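Chains here go by letter, A, B, C, D, E and F, matching the order in which they are written, and residues are numbered from 1 within each.
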Amino acid sequence: MQRPSGRAPNQLRDITITRHFTCHAEGSVLVSFGNTRVICTASVNEGVPRFLRGSGSGWVTAEYGMLPRSTGSRMDREAARGKQGGRTVEIQRLIGRSLRAAVDLKRLGEHTITIDCDVIQADGGTRTASITGACVALVDALNYLQRKKLIVTDPLKQMIASVSVGVYRGVPVLDLDYPEDAAADTDMNVIMGEDGGFIEVQGTAEGAPFARDELNVMLDLAAGGVSELVAAQRAALAEG
Amino acid sequence: MQRPSGRAPNQLRDITITRHFTCHAEGSVLVSFGNTRVICTASVNEGVPRFLRGSGSGWVTAEYGMLPRSTGSRMDREAARGKQGGRTVEIQRLIGRSLRAAVDLKRLGEHTITIDCDVIQADGGTRTASITGACVALVDALNYLQRKKLIVTDPLKQMIASVSVGVYRGVPVLDLDYPEDAAADTDMNVIMGEDGGFIEVQGTAEGAPFARDELNVMLDLAAGGVSELVAAQRAALAEG
Amino acid sequence: MQRPSGRAPNQLRDITITRHFTCHAEGSVLVSFGNTRVICTASVNEGVPRFLRGSGSGWVTAEYGMLPRSTGSRMDREAARGKQGGRTVEIQRLIGRSLRAAVDLKRLGEHTITIDCDVIQADGGTRTASITGACVALVDALNYLQRKKLIVTDPLKQMIASVSVGVYRGVPVLDLDYPEDAAADTDMNVIMGEDGGFIEVQGTAEGAPFARDELNVMLDLAAGGVSELVAAQRAALAEG
Amino acid sequence: MQRPSGRAPNQLRDITITRHFTCHAEGSVLVSFGNTRVICTASVNEGVPRFLRGSGSGWVTAEYGMLPRSTGSRMDREAARGKQGGRTVEIQRLIGRSLRAAVDLKRLGEHTITIDCDVIQADGGTRTASITGACVALVDALNYLQRKKLIVTDPLKQMIASVSVGVYRGVPVLDLDYPEDAAADTDMNVIMGEDGGFIEVQGTAEGAPFARDELNVMLDLAAGGVSELVAAQRAALAEG
Amino acid sequence: MQRPSGRAPNQLRDITITRHFTCHAEGSVLVSFGNTRVICTASVNEGVPRFLRGSGSGWVTAEYGMLPRSTGSRMDREAARGKQGGRTVEIQRLIGRSLRAAVDLKRLGEHTITIDCDVIQADGGTRTASITGACVALVDALNYLQRKKLIVTDPLKQMIASVSVGVYRGVPVLDLDYPEDAAADTDMNVIMGEDGGFIEVQGTAEGAPFARDELNVMLDLAAGGVSELVAAQRAALAEG
Amino acid sequence: MQRPSGRAPNQLRDITITRHFTCHAEGSVLVSFGNTRVICTASVNEGVPRFLRGSGSGWVTAEYGMLPRSTGSRMDREAARGKQGGRTVEIQRLIGRSLRAAVDLKRLGEHTITIDCDVIQADGGTRTASITGACVALVDALNYLQRKKLIVTDPLKQMIASVSVGVYRGVPVLDLDYPEDAAADTDMNVIMGEDGGFIEVQGTAEGAPFARDELNVMLDLAAGGVSELVAAQRAALAEG
């Protein structure tokens, strides 16, 4: 079996994480997983949604979008259609849920951090790239809050990162690009903390059901990928 | 550890599957997982969505809703608010994806089967009850198509069923009801085929990340639960 | 003239009224007019809409829906289409208006009772069954408020009930089922109090205009039907 | 009892019907019932809605709106709010249903006539003025179709007109203006043909239920009012 | 070159401005530019939008609509389609912006004046007629506020008026009607104050780009037209 | 007078035009006017909107959006709100209209080119940067059509570009950034062809009306700015 990109089964695409990509947001990251490129911003606001008011707890939420021509053929603009599609809703809920797991909301105080992940070029794995890049933007936003003395302790519990794994032509592989994703029998998105615990596991049989041992191999691949991704996040954050 | 319901960790709630619950649909099932009750109908239509026209292939899709007072406090009616919420969208996409895995779409020919899962009473696990009940309604709809000679071979690949598992007060448990679900550290929905393969696995850490061995115990529990659910489905279908 | 169901012109269909059909709502009724089956819930909330705040007066409002496959061929789900149809809006306004006539809103205090009527199986007369069943659910909700000492006097002015009448093949008949309704020259929905007064009368000539004496015969039929329906409501309420 | 306007109980307001009010529509009428003023246009289009295609039958439909400041305090513009309110939907369905009763749809052939009733000044009775004015616009549109030889026989079955009746301070009165409407115990809209038959009767108890003999007096008043309105329609049409 | 209407290039259509056209609004004007007829109302409300609360400053905003059959062929009703079209949005923003330039918002105090411009008959130039008529309605509303002692000084800075100019068959012309507008190479809407200053200039090349000297001739024409329009406004206001 | 940026009154910001910014679109440009950065893509599709079918003519249309955190404080995402705001609609109509003026639609044949302008960082002048960048993306798309032999002659009539001018603290200046824009008395957006003709002129008095001679100075500034912008466009296109 040869991957379309020539990568080894356990090999990530080239990963780049560029901080301060735009100038207004408290955290702003351009993340690339190969040809997949996503702008992730983290915006800080005072106050929290109604259900948390007075609780002393903060909130992290996320929105996701794709530029209409981020894909091979142009998609309708969701703002023009007047509603977000089901896939968009599903992904932005996943991003928000995952990043909330990275943060001690009590320490955040009554602030809301809104993550925006906007895909400018898509080649598979936009949700995993989004989560991985957004976590770096989130850290920059948390550092902003501390620098401005708006909070006194660091709410970050641990870095989280995400990668896809799947079974392509019978072989478990890491970090699927679009040609692999379109042909895969099984597709799984794994979000893990840097401590190696699972935040979220979403595996789908696209063709035949998958077996327990395939699941195990895929989870091993994912754990390796997430380690490398966390290293890349840490390196980006070290650059100041 | 004592479960609020007094059940053993690996014990399902009382499961009932009532066929022919309403009279118009080709398949119509009332499914109960304890106090969770869902009406599942399968409606047959000639023709397929545009992207399949002329392909010879059929389609299975699903919609999900909750009656406004299926829950402890009344929720807004989505039809009145003018849009389906993110959770609804996420669940109905999951139901559709899962049931498509049960069917050989080629054998279905250019027919569309629309699954409607409407929760009339909610007590946790509405999506797993929906999938489990809908699969029975789907089989009745497939039998209708064969009885009417609209298709010549049975498109059913295998029965599928779904159950939730989670970690409640540190102990992995099967088929969480609402009080358990609200307090669980980890919540996982598993959809499996009767052959024991995985159709979909969705696990979420609500509190702390979960470890690989916890995942393994939960998957074992799910496999046991799905076996029982498939038996209940088979029993209901045997009643004619 | 023979009615499709073999009923006498002044004969109701089999009427059943099942209280406590679901467990969460303060009032929850499954009502059947023959094959027409509707779940009617009454939900109590503190507070009133803005236009009544501070008035000391309560409010009763209603929403109506049909499950997509409650009918012979599947209808679009209104939540998915993003808006309620004109017929839905018309019916839910009628239900709300009618039930407000049953209640002394001053005695209700600043509480809102929301009626939900969800048709699970349709065979004509869904709006009349809804009103008749909802009035029983409403009484259960009013009793809840008294039992909880949230109000001190009974706000119920009188029971109300509703039935359709029409001219089918030249003959005035009571409580039309779908085959009659689809073929009727005139269709009239009558809502009356148990004191025999009219709450609402809506008569429509589907074919030729109807004459004053036809109107009179239809109103006589309706009065008889409503008496029987109120008796059924009272019997259901007596069961505790 | 003195009516606010000083009218006798059986007295209509001043009625004016101005044809050719605007220049583009095939029928265009400004109708006044006292201070209530409505622009009614009838627009002819080739073709019919999908459910009638190929049937040889035509269609008549209606839409209704109020200018935001047609009322004492400014209402939201429905186009800006992004949806028509329940009252609007109810009224435009009533107008369409009523006017279809005036027309032999078979003779109309596969043409659609769209009625637009736009209230420019409101003082009670906007729906009855709309129906009465729209019927004149409709006749002009039918004459247009005949003049252009698009149809060969006159599809008009009879003129129809509409008026409100109600019980104001215990006295049945005809053609309620806004101050009467706001204070009435009972409010009834009656649509009749010039042959004296009923097209639609919609009576609502705003306060106490109304009795059979009150209903009878109100229907007598309505019959007298409709006769006068049909005379006014005929006079307007005679002016050419 | 002959204009379709036979007018001279610098000749306006017949202009009429009728005040007190409807009875409820604080300002209500029917304006005609030839066959273009627009109802313009100005409605006064206490309070201002959130972004101005506490500022002591007032607000002027505008909405625009066309009756469905104000045009040669019937347009969809925006309220029924559920959204305002791009052209509507563009025009109502222009009207609001222009009229705010006529008013000293500080002197208005925390009141909002909402302008509604509803086209009942269209023949080109609906936005220029709207602005010209609305300014008169606005003055009536400002006078109402002073008469009621709700404000103490006159907020009107100056009258403003608007007219279109364009290049039709190579010749610059004033106040284009629909046949000219549809065929024009260039179309420009000019809003000016009575002091001769520009409030807004919007010129669009429909065919070939236009040159600086064409722009100059068009602006000269517009200045002449606006002078005449202001005179007509002043004459209407003098009538009391 | 000192501009906040220290620029001379007739000085543009730094202009960069990067082609091939993303990989899927037929034309893809990142344009910067100082800190304002916009991704402009041009997407080619076969076919045209309904009103042009069979005409042999092509179409150019545009959509515009801003990433939620392209601005100093986060704006709501239009896709999540379910509608595009008035400003967005106004701008995308302007972009589409302007670019259609650059193209001979007959030579384009029945193809549609959709321009997407997505602002990733905003500092004033997003619409002028969008038009200027989009024209380069459009040329790349037209070249693609010729290279693929889908059309035989070049539909480009001429390059167009756009720049803002305004009066800031009494002095006419070119290419306003956000601090100037927010404080300007007059704001004008000018779209010109490389032949020096005007495509569109939109000038708005934000404070006091502006005089004819101010208009003239602003148009002179704009002409100079557009010359420089066309030179930058040509340079970018020369790079191949």
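Couple of notes before you dig in:
In this text, contacts are C-beta pairs under 8 Å (C-beta built on N, C-alpha and C of every residue); 3 or more make two chains touch, one makes a residue touch a chain.
Molecules present, by chain and UniProt name: A, B, C, D, E, F = Ribonuclease PH.
Every value quoted in this text rests on a predicted model; they were computed, and no experiment measured them.
Counting steps between touching chains, the shortest path from chain E (Ribonuclease PH) to chain F (Ribonuclease PH) takes 1. The chains in contact with chain B (Ribonuclease PH) and with chain C (Ribonuclease PH) alike: there are none.
Where the sister copies chain A (Ribonuclease PH) and chain B (Ribonuclease PH) meet, the same residue numbers recur on both sides for over half of the interface positions.
Matching CA atoms, the turn from chain D (Ribonuclease PH) to chain E (Ribonuclease PH) amounts to 180°, rounded to the nearest 5. Centroid distances built from C-alpha atoms place C farthest away from chain F (Ribonuclease PH). Chain C (Ribonuclease PH) and chain D (Ribonuclease PH) have Cα centroids lying 28 Å from one another.
Averaged Cα coordinates give chain B (Ribonuclease PH) a centre that lies 59 Å from the centre of chain E (Ribonuclease PH). Chain A (Ribonuclease PH) and chain E (Ribonuclease PH) have Cα centroids lying 51 Å from one another.
Under the contact definition stated at the top, the residues of chain F (Ribonuclease PH) that touch 2 or more other chains are 82-83. Shown here, the protein chains touch around one cycle, each chain meeting exactly two partners.
Within the complex formed with chain E (Ribonuclease PH), the residues of chain D (Ribonuclease PH) that make contact are 22-25, 28, 35, 37, 39, 41, 43, 45, 63, 65, 67-74, 77-80, 82-84, 88, 114, 116, 118, 120-122. For chain E (Ribonuclease PH) in complex with chain F (Ribonuclease PH), the touching residues are 83, 86-87, 89-90, 92-93, 97, 101, 188, 192-193, 195-205, 208-212, 215, 219.
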